[in-house]
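Two complexes come next, and they have one chain in common, chain A, joined by chain B in the first and chain C in the second.
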Partner chain A sequence: MALSAQAWRRPSVPELLDLPSTRAEAWRWADMGALSAAAALAPIARAEHEEHFLDLPGARLLFVNGVLDEVHSVLDRVTLIEHVAGDHALGRHAQGTGWSLRLDTDAAADPVQVVHVATGGENHLPAEIVLADDAVATVVETFVGAGWSNRATRIALGRSARLQRSVRLLQAGGFVSLREEAELGSGASLVSVFLGAGQAGSRIDGQVVVGEGGYAEMGGALLTAGQQRQECAVRVRHAEPNGQSHQLWRAVAADTSVASLAAAVEVARHAQKTDGEQSLRGLLLQRTATVNLKPELEIFADDVKCAHGATVGELDTRALFYMQSRGIPKPRAQAILTRAFVADALDRIASEPVREAFAADADAWLDGAL
Partner chain B sequence: MATKNAEAYAAVSKKYEWGFATDIEQDFAPKGLSEDTVRYISAKKNEPEWMLDWRLKAFRLWQTMEAPDWAKLNIPPIDYQDAYYYAEPKAKATIKSLDDLDPEIRRTYEKLGIPIEEQKLLANVEGAEPPRRVAVDAVFDSVSVATTFRAELERAGVIFRSISEAIREYPELVKKWLGKVVPQRDNYFATLNSAVFSDGTFVYVPEGVRCPMELSTYFRINAENTGQFERTLIVADKGAYVSYLEGCTAPMRDENQLHAAVVELVALDDAEIKYSTVQNWYPGDENGVGGIYNFVTKRALCQGRNSKVSWTQVETGSAVTWKYPSCVLAGENSVGEFYSVAVTNNRQQADTGTKMIHLGKGSRSTIVSKGISAGRSDNTYRGLVRVAPTAEGVRNFTQCDSLLLGDQCGAHTVPYIEVRNPSAQIEHEATTSKISEDQLFYAMSRGLDQEAAVALIVNGFAREVLQQLPMEFAVEAQKLLGISLEGSVG
Partner chain C sequence: MTMLVIENLHAEIDGKPILKGLSLEVNAGEIHAIMGPNGAGKSTLGYVLGGRPGYEVTDGSITFDGQDLLELEPHERAAAGLFLGFQYPVEIPGVSNVQFLREALNAQRGSRDEKPLSGGEFLKLAREEAKKLDMDAEMLKRPVNVGFSGGEKKRNEMVQMGIVDPKFAILDETDSGLDIDALRIVGDGINRIMRKPDKAVLLITHYQRLLDYVQPDRVHVLADGRIVRSGGPELALELEREGYGALGAGVEAAVGA
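And then the complex of A and B:
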């Protein structure tokens, strides 16, 4: 395949990336072909970025094709450093210069906003968020434009540190692949919420290791339409006792799209008193769409509470009927119920302006699909 | 960290009761696997040319395939050349009646409690009125040594044969259905089986016939270093009903032995097949030495409208279990059921579950899986529920519960759900727990010792599945659960 002129940051062809095939269990529903297509997208005009920054104090980072636009960025406590590559199949391609947020003990930073603009071709960017004991941070990331955007983010939380992380994928085309690796110290808390409400394909690859008494949430909503394919493959590993985790994912699939949710909880041998919960639910808007679910439990300790629930189907016809009987037209009733279905996942965002912005993006998507 | 619960389960060693070997003269195929082995087996069975070609095709295919490694199993590489693929008891001229059967083999079955005479009851179940009868096909290593109640079954029109006899006597029927549900190229172990299968059972129940008795096959691996590859094919024609039981044991040996079976079920319009398994292959000793590698492909095709297939399995044996009894629900309103209890102890590993492939409108499936892990074992439920775009109004309910006895074992749940039709209602629930101190305390305060209390609670946990078994099997299975857990339950 010919290289696009815009594939300038790392001029490698996805076929040569040595990616796993869909025969590998963790990549069963992956859409690797989409990477080549995304990387080969012709250059497009740079999207407007201003509107994607929320009205919040704190750092604003604007990355255009994985390169910091210093004119439009406010670094605040964020620095640029060199990152070494990890060993994840996609994540390892994101290496070199990337951003870093490091907070000292007891520090609390203003929210960090990162907007990633892609203009075709492929771009890769590593990042790290390192919070010392009792530090608190909020990070909001937004992906817009078109092309293949590949990210590797390493998160390390000290004792009782807290990180709220919200990521929205709003690219109009191409593919976004995220690799998240997080390690939580004792009593630390990580809440990660992802919203896929663009037209690009996506794969969210997460690995969270929870320490003693730690709390982890990995969740979000993937909304797919057209021929789009979005998936998450996240794994929460409880390495120490008394940890808690929630994985709450919602998928809405329209047209001929495919949404796949694979979430795993792993409880190590001595991680007693772990409470792991998974809730995966899929909603099919048309009969040509597909939802795949894989709620996986891997348990080696005997005194744990782990449960998962998974459902797929259409909207509850009784609820629809009830609303219609109260004078709400059917399309409106469908919209309200679908919105409520998605809102479950977004409610986990603690910051109100961020939550409202995410809900507005989800609403805009639903207005288009319904 | 050892919990109080775990501490209670001090090790009490208990031997595998079925671990004796029978000393009889046997004919072996030359060791190893090649086209010659396949020809040897085919010739031994006096098979027609088409059957040999079918086997050879599978063998050539197998050589190009790789063993699957996606299951959560830790299996050392298997040397397929270091095993015998065929072993048969040396034939006495011709066996006219059961009296001619080698007394050693006969004694083996007596010891196992399997009636190869046409006796009335399999187990002394009180209150079973009228007396229940079971027809048995006994498979000893690679050959079927006895099939009972043949005449009576024939009067009802039911064909109950060893598969090698069926290939000779009913070639058209076998040709029509063999490999239809599990094709030769299906998977590594099924392909191997297609090449070297030695015996097994063939059942055909004609239109509108309700099989007058339970049918059963009893598999016994006896010879050393021998793999057992049996093939079972059951066809229930329109409106027919059959209940089929399968049991298995093997002697205690230090090497691992291979068992790669294929079971194909076909249910036409309004037909129902109930397939029950109590799998009790030798599981190896407490250090994981020896035991059977159990790689089994079981699949049912619910081809007709309103057809129904119900799998019930109690898996207590084998060092390694790789087994996913499945239903392809092609017929309108067809029903698939899967009830499973899998118990692992010591170093056993089980990766088992089911696939429900919904293709027909209004098809329904129920999955109830109970996993019990003890010792240092690993127990995985792996299941797939798939709904095709054309399958309107599908309903599935899945429940998988795991019980952990001790803190050195693992319980895993890997369900896959793939839905392509919005009218489907798919529900999945799973829980993982241990026996609560309260339950144990209550049972013991009523005078039960700890072992009996745990057995009672485990049986209660598995009750939904055990209820699905025919009565004779349910009694045996209940006992087996207790025995399998001995050593983990102090």
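And then the complex of A and C:
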């Protein structure tokens, strides 16, 4: 669904939103103008939500403008609780009533699906996922509609708990800002994959603290077109020894859009034997587009392995011609190559139906952009 | 029946003329070999026929099966039945051979109003072709040419040719990088897939050795952007024996240029 230019209204006093200044290094690529405009977006019709729930058992939460639609939701093990605001510049706006998934030791819940529908204006929603020792959970979130959707999610994983989290941003307009704060106990595993494949601006802001022998993945694919701007600003901190982390991000930018990937890994002095990997790659579909990459390593321990790579490029013209010479039309060849480029980020999603749904969203985006 | 007619072809790369009035006719049922010294324009001829961007035709014409080939996009040339075997097959990370070839075949079939092959039908066909060319079927699942040896890449080109089953193949130094056994397998593949009354081949090669397996009907010497001499299979043997320099004034002038 495309939004007409008339639907955008710049608020006359954007300072009222109390947004972070882009003069600060951590916010230099943030598109606060788009966020303000999204917050002032006039009401639009509510988007269909049914198609965005995948055919999975378990909880289905439908939030419309940050408010639970009880009629269309199945809470299963999820409850609604009052959340206290944190201190993050955007995340602190998300306070009050929000959802909570708490699992006891050894518990394994069916997947939790959350669909967020925005219909203009701004909406804020806090959430928490707290898994006790050895508990296992899968959470899938989908953002649709238009407006400024702001989320603060706190994740706490006990010893050897495992969480697989997949988030797709499919809003047709506006802005989605996510603040994720995760703390991993010893041997705990968190795999977070984000896909930005809508037409909204976005900022994915995350901080993961990895405990002894913990495993953290935080990555995904940001696909931008038109004048869209999307960014991630994530930081993984290894506080204890023997942890492993992977930050694998892919950005594809078309037209005059801007995708920015800032990923930091921090290894504390006694976090020996840390194995951190960072791979940031950008693909420009047109030379008018921009991809910013900022890999950051802060290592205070001396016995660690931290591999990192950051590259921006264009599609391989030799590969394009090779494919064309075998009968594949150029736009399709471009789509196949671009899809291959983002595939390793989406392949981190363990659940097959979730992975396939995300891949289909990426394909749909490519069909539109190429 | 004449399949390919090239008349007075001039082509350049970055403003530098490479082909300078090349003319050639290939009939259905024939295999033609193009030989010639380095830098003569052999690979350029292949790329111009395939429609590679950056190879600009400044004069002349190419007619394939009665159609103006230069009017067609590269993928349309493939659908019309043209196959370009690459001297350096390209590696495509993240795209499996199976996906690549199925996309290619079904795109070609689609443009000819033929039904696409299902995944199962395609796999059966691909496995059969791989087996005929002594390629491990497991390699079909691997990303296109990634990590393949030079010989495996060339064999993979022949598997692709077998699967798309073209009318006309331009094979650019398909023999380079092959050991003796692989050369025989590839040569047999070319004969099996392409030596038919309604098909034709243009073999671009430096050496006689592939021609021991794939007997050409005609041999042409390409030098300085033109065909300077044509003959029967004995011409290739003569070249092998005497070198390009001994071919007479026309070639000498061209080679020396």
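Here is the rule we use: the second predicted complex is superposed on the first by the 355 of 370 C-alpha atoms of A that agree within 3 Å, B and C clash if a C-alpha of one lies under 4 Å from a C-alpha of the other, contacts with A are read in each partner's own complex, and residues count from 1 in each chain.
Everything that follows uses one rule, which is that a residue touches a chain if its C-beta (ideal position, glycine included) is under 8 Å from a C-beta of that chain, and two chains touch if they have at least 3 such contacts.
These numbers come from a predicted model, not from an experiment.
Of the two partner chains, chain C is the only one touched by A:Ile336; chain B is not. In the superposition on chain A, contact of A:Ala319 is made with chain C only, not with chain B. In the superposition on chain A, contact of A:Leu56 is made with neither chain B nor chain C. More residues of chain A lie in contact with B than with the other chain of the pair chain B and chain C.
In the superposition on chain A, A:Val136 makes contact with neither chain B nor chain C.
After overlaying the two complexes on the shared chain, residue contacts for A:Ala359 are found with neither chain B nor chain C. Legend: residue contacts after superposition of the two complexes on their common chain; A:His270 is shown touching chain B, with no touch to chain C. Those residues of chain A lying in contact with chain B across their complex are 25, 241, 269-270, 272, 282-314.
Of all residues in chain C, those touching chain A in their complex are 50-53, 73-75, 77-79, 84, 86, 89-95, 99-101, 103-105, 107-108, 111, 160, 164. For chain A in complex with chain C, the touching residues are 316-319, 321-330, 332, 336-337, 339-341, 343-344.
By the touch rule above, chain B contacts chain A in their complex via residues 1, 3, 5-6, 70, 72, 389, 402, 404-434.
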